[in-house]
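There are two complexes below, and they share subunit A, which is joined by subunit B in the first and by subunit C in the second.
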Partner chain A sequence: MAENVRDEMAEKAQFYPGETKIAENRRKYMDPTQELKRLREIPDEDIVRLLGHREPGEEYPSVHPPLEEMEEPECPIRELVEPTEGAKAGDRIRYIQFTDSVYFAPIHPYIRARMYMWRYRGVDTGTLSGRQIIEVRERDLEKISKELLETEIFDPARTGVRGATVHGHSLRLDENGLMFDALRRYRLNEETGEVEYVKDQVGVELDEPIPVGKPADEDELKERTTIYRIDGVPYREDEELIQVVQRIHELRTLAGYRPDEAEGK
Partner chain B sequence: MAEKEEKLFMKALKEKFEEDPEDVTTHFYDYGGWKQSERKREFKEWADKIAEERGIPHYNPDIGVPLGQRKLMPYQVSGTDVFVEGDDLHFVNNAAMQQMWDDIRRTVIVGMDTAHRVLERRLGKEVTPETINEYMETLNHALPGGAVVQEHMVEIHPGLTWDCYAKIITGDLELADEIDDRFLIDIEKLFPEEQAEQLIKAIGDRVYQVLRMPTIVGHICDGATMYRWAAMQIAMSFICAYKIAAGEAAVSDFAYASKHAEVINMGEMLPARRARGENEPGGVPFGILADCVQTMRKYPDDPAKVALEVIGAGAMLYDQIWLGSYMSGGVGFTQYATAVYTDNILDDYVYYGLDYVEDKYGLAEADPDMEVVKDVATEVTLYGLEQYERYPAAMETHFGGSQRAAVVAAASGCSVAFATGHSQAGVNGWYLSQLLHKEGHGRLGFYGYDLQDQCGAANSLSVRSDEGLPLELRGPNYPNYAMNVGHLGEYAGIVQAAHAARGDAFCVNPLVKVAFADPDLVFDFTEPRKEFAKGALREFEPAGERDIIIPAE
Partner chain C sequence: MPERERPRLLERRVPKGAKPEIQIFPERLLSAKTVERLLNAIVERVDGIGRIVLHGPGLPKVVPFGPARGEPVKHPERRPIRIQDEEVPMKVQTGQIIIEVEDEERLDEITAQIEEICREILPCDFQVQTGRFTRHRPTVTDYLKFGEKGVKELDDRLLGLVEPRARLSDRVSILKARRNEEEEDEK
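Let's turn to the complex of A and B:
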């Protein structure tokens, strides 16, 4: 349905301004018509273990009966909005939260938020500097998490799955290139060259490590990243983006102060 | 762009970390946890003793998150050579910080002219410089806890209230000449000539008394106690000094004048949802805080330092004490607040902005228009963000996005204020900086941090009732500012930046500016950051101690 609505929109969604590779990546990740490139396979069971909300194979705990068994009141919104599979089943709302390093992580907080809002339904997302959470009905969350972990927007060294004690995004990298994690939820397996989680997202130890793939090299990260940096693509060079932000600021200022002057600007 | 060696933060970064500040990698997990910190070791030792003596578990750094998996970095207090541990900057661990707030809270200014008119016209008493001096001597006996009217009265040990006294401010230079030096805050002596002229003109011939209530009373009672305590002792001292009847109706005029008509509190009363009386931090407007800080009279040619000292004072008062304790409690807010007054990072950005606007526009010479806001705020924001990118040690120092957002926006707002001499334009520059930062770095602060910055532009130029105020008169209780850290002290700094650029002796109230120039205050308001460093080193001597009435250790 969301796709139809977009098709009927008078204006074509531009997703994000900017004339650099970084802006292009931002647009790409937000644009739901662009398929994210799959870089690794993580078994469904491992994703469930990493999330730590239920045991693999366990029934989804529910907070209400399936919608079809509930006598819901007549409501035009209910008729208009198709429930997600998790909502239909009455699943709990659970979360996955990421920390993205400032050192060329593939995606980072506000771009994540906008990507989530463009691509997924039934999500509630919160954005901070050091972490970015998405809360969803549990079975929907597992599907979304799989995409978030297996595709190009995840890098095992520069992206962390962290429910608590999240700091690391702004710290220098460890000697092996991994982002700092005070709870040491993951480690670099020297033999396989892969990063593997030894704790779930809140730091509870796992019975078996979960491999999440090899870290990308620096050049590849610079190609995939949404982060402007002075040692990559400097923000200063994206004049279009800066001008758009300045314009938004000017219009907001005028709208509060002299709305008449904002007309036509 | 300033060269690497000129960066003001370089010394701090080299001291904090063993690696070159430009290195992207380091090592972790091998620092020995919390034991790497001398302060944490001291805390643990004390806590173990307390737990053993009392039988209840106490502080234990092995509980919760594993502290010290990375370097527990020291902090250089900006504008000083002093390096301290972060813990030493929590206000509970820092006596200077406590005293800064004590000295603001316990200050009340009361006009004397109404009382003098009542004495002269209604009671037929003569008011002369001599009688004013006699009154002041009486007040300096009564205010710390001396009895003046009843003959059988308990009194307060002067050793507990040594910091309590009263002085006089006036712009009437003839009268000032005749006031006993012990009671006069001498504007001509304390301020550079140009500033003294402004202050004397603004105050005019009126006479004010500045009262400092005992610090210990502020600790036990609250800010609203201060003007009541002052009013009671003022009324008693008038009765005593001018030999008038304690019970006659005219006395109520002294009380009314002292409590209402002529009183100037440092903080306004707060509404029920924040439920505090007068003289509490949430009621101190930005312009009043800027006037408390005295850097302008000591460093009149250094507007950056003038603004930075206000920001340091404001971050401590508004973020650490008000939001971090009155409104929430605990330890988290110190980490946000210290970013603006440690390691000279904000200093570097503010001086960069000052140089930029001096070269391009001249101090306070640009029109406060959108083109100037856009130019200056954009340049300073980009410079600030680039320093975090160029120096990973700086990024790690300000490891929270709110810290970086506050620092970059403060530098931008101050720089616009330097260029225009206009605080409203300055705060508009702050909001542009926040939007630029958010899109550039793709992250800003925590959920609540960003909130006011998304909508701030829309109210930044409004001065109509219920929509806005001049920035000088906004404060922590301004609706959009009431809930979050990393903004309030910086806004006070933007106010100060505008007035420093203009060469103004004061921002809002000349009386407040003069009252805090008083050298007998316990806290030295000329350089708050230096005082904080002294407090961190445990070298600051505060007031309000109880040693003389408790068993000796």
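Let's turn to the complex of A and C:
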């Protein structure tokens, strides 16, 4: 359904301006037709444990009966929009929240928001200073979380799954290269070289650690990141992006203060 | 990072009547183990130090909020470290170390000594800067906290060491004098 609408759109989405690798990454993550590279396997059960909303194997609690059993009022929008699996079943709304380090995390909050809106249906996302939350029906959430955790937009060291006490995105990294976490939800297993979650996203201890893979090295992260940085690719090096930003700024200012001059620009 | 690529640090002048301080600013947040080694080396090998302030993000004992509020955190970096024979509780992950220099005339020499120790011990790049980083005069906060009489009697070295709401005894460790010197540590 959503795809059909997109095909019929008069304009072709360009996603993001820019000529640099960073801009390219931003476009790639936002574009729903591009598949994200899968870097690791995390069993479904582990994802449920990490989220901490229900026990693995437990049935999904619901907040209303399945839509099929409900008598819905006649409404053209309801006919037009197909409900997601979670909405059909009447699941609760649950969340996953990420903190992305300023030190070349593969993705960062604003781009996450735009990516979520392009790629997923039935989501409510919020961008905050150092974290990005996504709220969605429970079974949809688990599917989305799997993609968010297993693909290239997640790095075990520079991305954190943090439901509460998120502080750390703008701090220097720990000695071992992990992003600071006051609740220490994850640790570096020095034998395997992998990062393991020992607590769920809100800080409740897990029975068994959940390995999420090895951290990527600095050069690889610089290739994957969406962050412009003076010690990576500086923002000012992207001429096309600056042109677009300046054009938007100019048009907004003119339209606000001298609308007649903005016409035809 | 080579010298030219480093971001320029804000200049920190030493106000009149204040003692200079040396700041160690590592590129990574330091583990308790590294801090233990570093402080022991500094305390043992460098003369003329008044106090040492450790600064960094706090490590809570229990989860402060959220659904897991009240659960123990058990952060491995929140543990006592031994400096000389004194046990010092670590409640922060160290990101900045500020050392007050008693002997102003030897400032350059002490800075060089500290830089050498850092090069030897720190696993990452670092910057050493001199100036004044903590306050040296009592403010309204101190008068509220200690009272007028208390401020007069307060040792200068305790000024500006802890945040207004924290208890001094919770945050300050006093190390035994070595060759008639007294050193303090703040978490």
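One rule holds in what follows: the second predicted complex is superposed on the first by the 265 of 265 C-alpha atoms of A that agree within 3 Å, B and C clash if a C-alpha of one lies under 4 Å from a C-alpha of the other, contacts with A are read in each partner's own complex, and residues count from 1 in each chain.
In the analysis below, a residue touches a chain if its C-beta (ideal position, glycine included) is under 8 Å from a C-beta of that chain, and two chains touch if they have at least 3 such contacts.
Just so it is clear, the structure is predicted and the values come from calculations on it, not from any experiment.
Partners subunit B and subunit C, once the complexes are superposed on subunit A, run into each other and clash. By the touch criterion defined above, A:236 reaches subunit B but does not reach subunit C.
Residue contacts after overlaying the shared chain place A:175 against subunit B and subunit C alike.
In the superposed model, A:129 lies in contact with subunit B only, and not with subunit C.
In the superposition on chain A, contact of A:227 is made with subunit B only, not with subunit C. Looking at the shared chain after the overlay, A:90 reaches neither subunit B nor subunit C. When subunit A is checked against subunit B and against subunit C, the one touching more of its residues turns out to be B. In the superposition on chain A, contact is made by A:248 with subunit B only, not with subunit C. In the superposed model, A:204 lies in contact with subunit C only, and not with subunit B. In the superposition on chain A, A:103 contacts subunit B only, with no contact to subunit C. Look at A:213: by the touch rule set out above, it reaches neither subunit B nor subunit C.
Shared contact residues of subunit A with subunit B and subunit C: 165, 167, 171-175, 177, 180, 182-184, 231.
Of all the residues in subunit B, the ones that touch subunit A in their complex are 19, 23-29, 65-66, 69-70, 370, 374, 378, 382, 385-386, 388-390, 392-393, 395-396, 398-402, 404-405, 428, 431-432, 435-436, 438-447, 450, 455, 457-462, 467.
The residues of subunit A lying in touch with subunit B in their complex are 102-103, 108-111, 126-130, 165, 167, 169-175, 177, 180, 182-184, 226-231, 234-236, 241-242, 245-246, 248-250, 252-253, 255-257.
Interface residues of subunit A, counted against subunit C in their complex, comprise 52, 163-165, 167-168, 171-175, 177, 180, 182-184, 187, 202-205, 231.
Put simply, subunit C touches subunit A in their complex at residues 1, 5, 26-31, 34, 57-60, 63-68, 71, 73-77, 93, 95, 123-124.
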